[in-house]
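In the part that follows, the structures are each spelled out as structure tokens.
You will see subunit A twice below: alongside subunit B first, and alongside subunit C after that.
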Partner chain A sequence: MTCTVAMKPNSKPNSKPDTPPASVSLRDPDRAGRVWVSSGVLLLLLVSLAGSQFNPAVLFAPDSLSSAADFFDTFWPPRTDVDFLQRLFEASVVTVSIATVATVLAMIVATPLAIAITSRLSLSARGRAMKTPARLARGSLRGVLLFLRSVPELIWALLFVGVTGLGATAGIMGLLITNIGILAKNYAEIIESGEAAVTGHLLDNGNGRCKTLLHATVPQCLPELLSYSIYRWECTLRTSVVLGFVGAGGLGQELLISIRQLASPEVFSIILVFVLLVCLADAISNSLRRQLRPATAGSAAEWNVALRAEGADIAVHTEAAAGNRGRGKLRTVLPRWGQLCLVLVAVLACFQAVDWQLEQWLRPSSFARSREFIQGFFPPDLSAGLWRRLLGDALETLSMAFAGTALASLVAIALSYLLFTVNLRGAGLFMRFFASTLHLLQIVLRSVPELVWAMLLIIVAGIGPFTGTLALFLASVGVLSRLYSECLDNQDEAPLENLLANGSPLALAPMWSTLMQARSQLISYSLYRWEHNLRAATLMGIVGAGGVGQELYLRLSVFQFDKVAACVVVIVVLVALADNISHFLRHRYAPTV
Partner chain B sequence: MKVQTTGVCVTFGEATPALNDVSLSIGEQEQVALIGPSGSGKSTLLRVLSMALAPSAGSLLCDDVDPWQLRTARLQRLRSRMHLCPQTSSLPARQRVALAVLSGLLPTRSLLFALRSLVSPSRADVNLVHGLLTRLDVDQHLWRPVETLSGGQRQRVAIARAMAAEVDTLFADEPLSALDPSNADACLSTLCQHASAHRQTLVCSLHQVDLARKHLQRVIGLRQGAVLFDCAAAELSDAMVDDLYRGHEAELEAELEA
Partner chain C sequence: MTRSRFVTAATRCLSLCRPSASRRRGLLRASLLLLAGLGIHSMQVQADGEFRISAIPDEAPTELIRKFEPLADYLSAALEMDVSFVPVTDYAATVEALVSEQIDMAWLGGFTYVQAAQRSDGKVEPIVQRAEDERFQSVFITQTDSPIQSIADLKGVNFTFGSPSSTSGHLMPRHYLTQEGINVDDDLSVAFSGAHDATAFAVAGGRVDAGALNIKVWEKLVNEQKVDTGKLRVFYTTPEYHDYNWTIRSGLSEELRQKLIDAFVSLDMADPEQKAILDLQRATRFVPSQASYYDGIRKAAIEAQLLAKP
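So, the complex of A and B:
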């Protein structure tokens, strides 16, 4: 036998196995850091619980219990008469069409933008530093995109409703603008994650940008780009469900009307339709994306690992894609071109189904109104009184997002750990029943958008940031526990099996192996979720559940556009800040994802 | 622990069984080497002996009890009396070495130990780990994540973990495969001394025939899933070794060269 000492190739330069320190301290070097970080997080949690007026006792006060009982008593049976169902069907078609149209248009606009901002296709950067004008142009374009995606879809839609009146177009515009920002950034990131030598080689041999794009970048990245776009469609559909809350058409509008009328059987039917729609989108998107997996990446896990390097919320999208593996039924039914035609027809049908309200948009009066509107925004209100209030609102928003995410992470990790050990045990009937109940709960929790949870919770917990926090908490438990479960399932099993084979207790062994392996990925997911929740928290005010959105909604309804502009500035700063903090923490402390 | 097998067979769905009618008995505090060419069933036998794998046919008796007739909880308690150090390094990559070694104590220590060590191990435990690592010459890596170690260092950490375990039987599956000859000699001698000092039974599969002869008392030769010989280490002759490796001479030569 030859003695081969396998060296780990990617160990950090300062920790090479060959050059150990002379003597080693027996004091745990990480202890102080751990104590600091955990007490810091705990303190932050306490502060944010206070800041979001967290008070579960409210839920059990006699008042709220009785109003909840009034509303939820009549939940069952859901309303199912033909008239109502037909209305719901039409609303669903509108919702799906809005999402599809917005995504497709955003894809078309984002593609050239992504090509423009990626440094991979820079000619001036070959063999030297990029020239200043090129760098400035790319940087400012990135800045614009950052602005576009920092304002949540719903806020854009709200502003467009102000210009063009109620209707689907405002919703489409809202989704479109944010999606352009998100898609262009992530397209560029996908392009940059590919092998640099492939594009570089063509550029160095004197090919132009177009040829390089067509012969290197596109063949290299197309599956990932398409896969990400489909994932984005799924996300857009989730958002488009709530667009109706601001009068931008679709299912949300129906829900708003039903809740206002306290018609709980209708509310229940609509929520069922939500869950159905989101599950359907999930299934369609997974089935389409599974086929985009390149033939070279043999298993779902490999494809997953290959894409995880790309960072951003791409990691989450691949995780979700890899989760449901091995069920490619559609492929066996239809050949590839058949599916392509099907998708094309569906997209065209969506364009057809949308009420474009063109005459309303092109009317001279709406041009005048838009001008008035835009002029109203400048300059934003800078009065100290407003900004003091906005600062309070911003802190409230931050508290809601942090408290919701932290509590959800704790509950989610407990749930997924429990599920993991139950599956490990190859459990009996009771445990299996328990596990499938949890699965059902996960699906319901994550298919209903945060804003809808907030609307329902207002009935119980009243107006205020506590309701918003609770809504963020519920939706996040669903999403995080699913991601956590998948992450635990994807870890290397050998260490766990060895611990178990040596007689370690079943409840503890995964803590010492699987959980240990997965922890930085789990933290990453929580950070993504926090980013997402901060975005969502800025919107909670629209339904009265606290945060900076409340001020914005109020000012918009009384046409104080300069004050609205100040609110938008606060939202952009908050979202951009969260983006950067989360990005920094993920790359500094959880570099594996 | 006294371990006894009677007519043990293991098949993994292939035509040829991994183990074919293996009957042997290993007494308390015995130190046994398993040798044989690759694919002869050494790892499978160790997994059967350590109750990690139920035999397809035949029976296993640990202290005159058939573990596979026990309820799962009792089986798990029985497993906590022995430790299997598997061939492929099965330490969680991102765990620090100190904790990886302490995980050997997980079956026998309390819940409190399990939880507090995850946060930061106690001073006494760190001293214990450091002592073991020093004997294997990897003490300087105490606080490093396992993934930053080389294959040989990892293997020594795995041996330290086996030595940390509070058990009466140790099974080691090629614990020396990634070590260079001088290290291999030293580590095996440390392991054997530790086992005798703690009155532990030791069963160890090895590729290095000369090391098996030098450090262990008894040698079992496995060929094609069956026991070819089972004798005291002193009685092992070159002819027997040649017989064992017939058709696999290259492996033996590579070993000698190393």
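So, the complex of A and C:
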């Protein structure tokens, strides 16, 4: 998506060459290719804008403005009476507990799965191609994990409502299942990014796989594994808001109820509390992870970029910082015992705080019901009418994700470029104010989940895919502008200084130097964000904001699980497709990261 | 009461392994013994004497609590046991809660009752409904200056229903649209606003061209001047059909069932306290209901392909 942005400066001087020196050809050797790519992306953007019914005029229609004014007029002051705050505190405890329990359980389940799918420990793969049965087994397990993580948390949770009824456990199961899929995949990736030699030698010398695992493979990347798990906890916390839909309790449910009642002071208070909670989790997770800095910088790079594009607040690990920590010094990188105990106590407290609804699970009818439930999905509905609609919805979902990401990339590049040139000029009081406002805005935009943005925007922009696109756009601007800024700041300054020394104008010089240097990283961030947005776009329909979620929610509501299964198939295909396209493009066009 | 619970539970458990008919009895006995331990818990729930009621969230949650808590107090006195109102945020979840016996009685719409009946194999039972629910209707609304005058004009427009599980906000409007020759999936661009009042606001805001909602909610919105009748007009009103009722879960004792029916039917407008309860329910009186009233809705749901395969 950023192609358009990054390419523009290149095509400009070619079309309007002003006083070119005779000896130097200003012709860009890649010009033809870039023009093709840029116009292709532009065309795609136009198509997806049309597909997502993009129409900003709606926002300024007098009716929309008045209904928005009714809602947002009373936003300030937020509701702060003691009763309400106490309710919010209790809800926050529930939210944190649910997120913690789901993450810890997922870690426990994901570990053996990750070990099972990694090719590192394959005996048959030593020195030759892996045997077919082993490859098949690993491949199908990977497929199952892909399925687990492609279906959004909320959908798993809605499915579990059918088994356990309303309550926290349905929410936990939803978060747990998706987390297992994500954690196992990433654990395996982290294990494989570690150095192969040590594990290989041990295996070749006849050591058992168990021994090898415990003595070489795991110690090598334990800090990264833990670091990633902690980050996942933070993500789970953010996602848990959407579980208000299944009556899982917590802040999400409070927010849902308040938005439905259009009680804006309450909505504002809850969003404030939520943003604070997310920031707090950020801080805790950062301080824990700082002590677990990955042993090798290179191996961590790829998944770090992915996390950051999803909204993680991770400091950039420079080669130098990581290089200071030798491999194998496990003891120095593990947190201190005291801290470990503290974390353990906190986790146990969370397990204690959750309402486990044991009587629901143990109820004999639950077993029969779950069986009935699972049977209901097979075979998925294959009727032409449904699939025709689903195809349309799928295209709408793709449009929303693409339009939202592309527009956010454009705005984010403009913002971060502005900030960068302003910083070059030296920060005046006004500009420092501008920068800190922008930073605050970024935090808010990125802490609030897309689905919540969509629920708020429906009040202004109404029902339809345009609202979903706007929601994806807002959250993405928050994440991308920050990433872009950081990325621009981290580039080598020599080319820029050269240009400036030779008299290039301050406002234009970074365009030819810093921006060019950073472009593949920028593209990479946008692609990751697109992947993330596609997942989020599949849910938008649940609140009426367009995409395949609407059909899904309708069929779940009327208990037609064979049709639900068809929707889930579409979602899984979309997510898997996005994963692969993004992976391919990143490696083909943005190989630096 | 507890015994019938056991039997239900055991039968359900049995369906898990689909034993041959000859083994069924033995297995049933074994399961009964096995389940005795688990049953203690449900007996305790009963012994606590708490009767839990809920309702589909067709209005804002605070409104529901305001509406149902006085009724819960009244029932509590009539049944001589604690009655609590459990707020639920999702239509389908209300149905699931009733079918899985997490709640004892629920205020359901016609469509949600049909779903609950199907999902419980006909074990839930509608006991009473408001006199008004025997002749329920939906209205179709559009903007005053819109060219839409009749259902035939709806082809190609943006149309919003309420919640997908709603009888008067989705199923019956869809049914009558089909009867008037509109193919809802192909001729309309459909959205779900989530609730009746949300539909009215969405049409008033011009974000959709037209919408369908519960006539009672429409009248309330007009009377309380929450919508501007200068901006909105009704262009179609559906024929009458049976809607809401109070449905009880399976396995309640006959005595309790009768007490409940009596309590509802004896609510009287002449008594000021009881009038307040009836007013909150927007009812003049409650009358006994029965499953066959909802055959029409079941048929409509099957025709609209909105009912799971049996």
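We adopt the following convention: the second predicted complex is superposed on the first by the 518 of 593 C-alpha atoms of A that agree within 3 Å, B and C clash if a C-alpha of one lies under 4 Å from a C-alpha of the other, contacts with A are read in each partner's own complex, and residues count from 1 in each chain.
Convention: a contact is a pair of C-beta atoms (placed from the backbone, for glycine too) under 8 Å apart; a residue touches a chain by one contact, two chains touch by 3 or more.
As the structure is a computational prediction, the values presented were derived from the model and not from experiment.
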item: First (subunit B), second (subunit C), both or neither touched by A:Thr132; value: neither
item: First, second, both or neither for A:Gly244, with subunit B first and subunit C second; value: second
item: First, second, both or neither for A:Ser513, with subunit B first and subunit C second; value: first
item: Touching partner for A:Asn498 - first (subunit B), second (subunit C), both, neither; value: first
item: Partner chain(s) touched by A:Phe559 [first = subunit B, second = subunit C, both, neither]; value: second
item: First (subunit B), second (subunit C), both or neither touched by A:Gly376; value: second
item: Contact footprint of subunit C on subunit A as seen in their complex; value: 58, 61, 63-64, 67, 161-162, 165-166, 244-247, 253, 256-257, 260-261, 359-360, 362-369, 371-372, 376, 385, 389, 461-464, 543-544, 550, 553-554, 556-562
item: Parts of subunit C lying in touch with subunit A, wherever the complex brings them together; value: 8-10, 12-13, 15-16, 31, 35, 38, 41-42, 60-62, 88-93, 95-97, 100-102, 115, 118-119, 158, 160, 163-165, 185, 191-195, 201-202, 204-208, 301, 305-309
item: For the subunit B and subunit A complex, residues of the former touching the latter; value: 47, 50-52, 76-84, 86, 88, 90-96, 98-99, 103-104, 106-107, 111, 114, 118-121, 123, 126-127, 130, 139-144, 147-153, 165, 177-181, 184, 207-208, 251, 254-255, 257-258
item: Residues of subunit A touching subunit B in the complex; value: 1-8, 11-12, 15, 17, 20-24, 26, 28-31, 34, 492, 494-495, 497-506, 508-509, 511-514, 516-517, 519-520
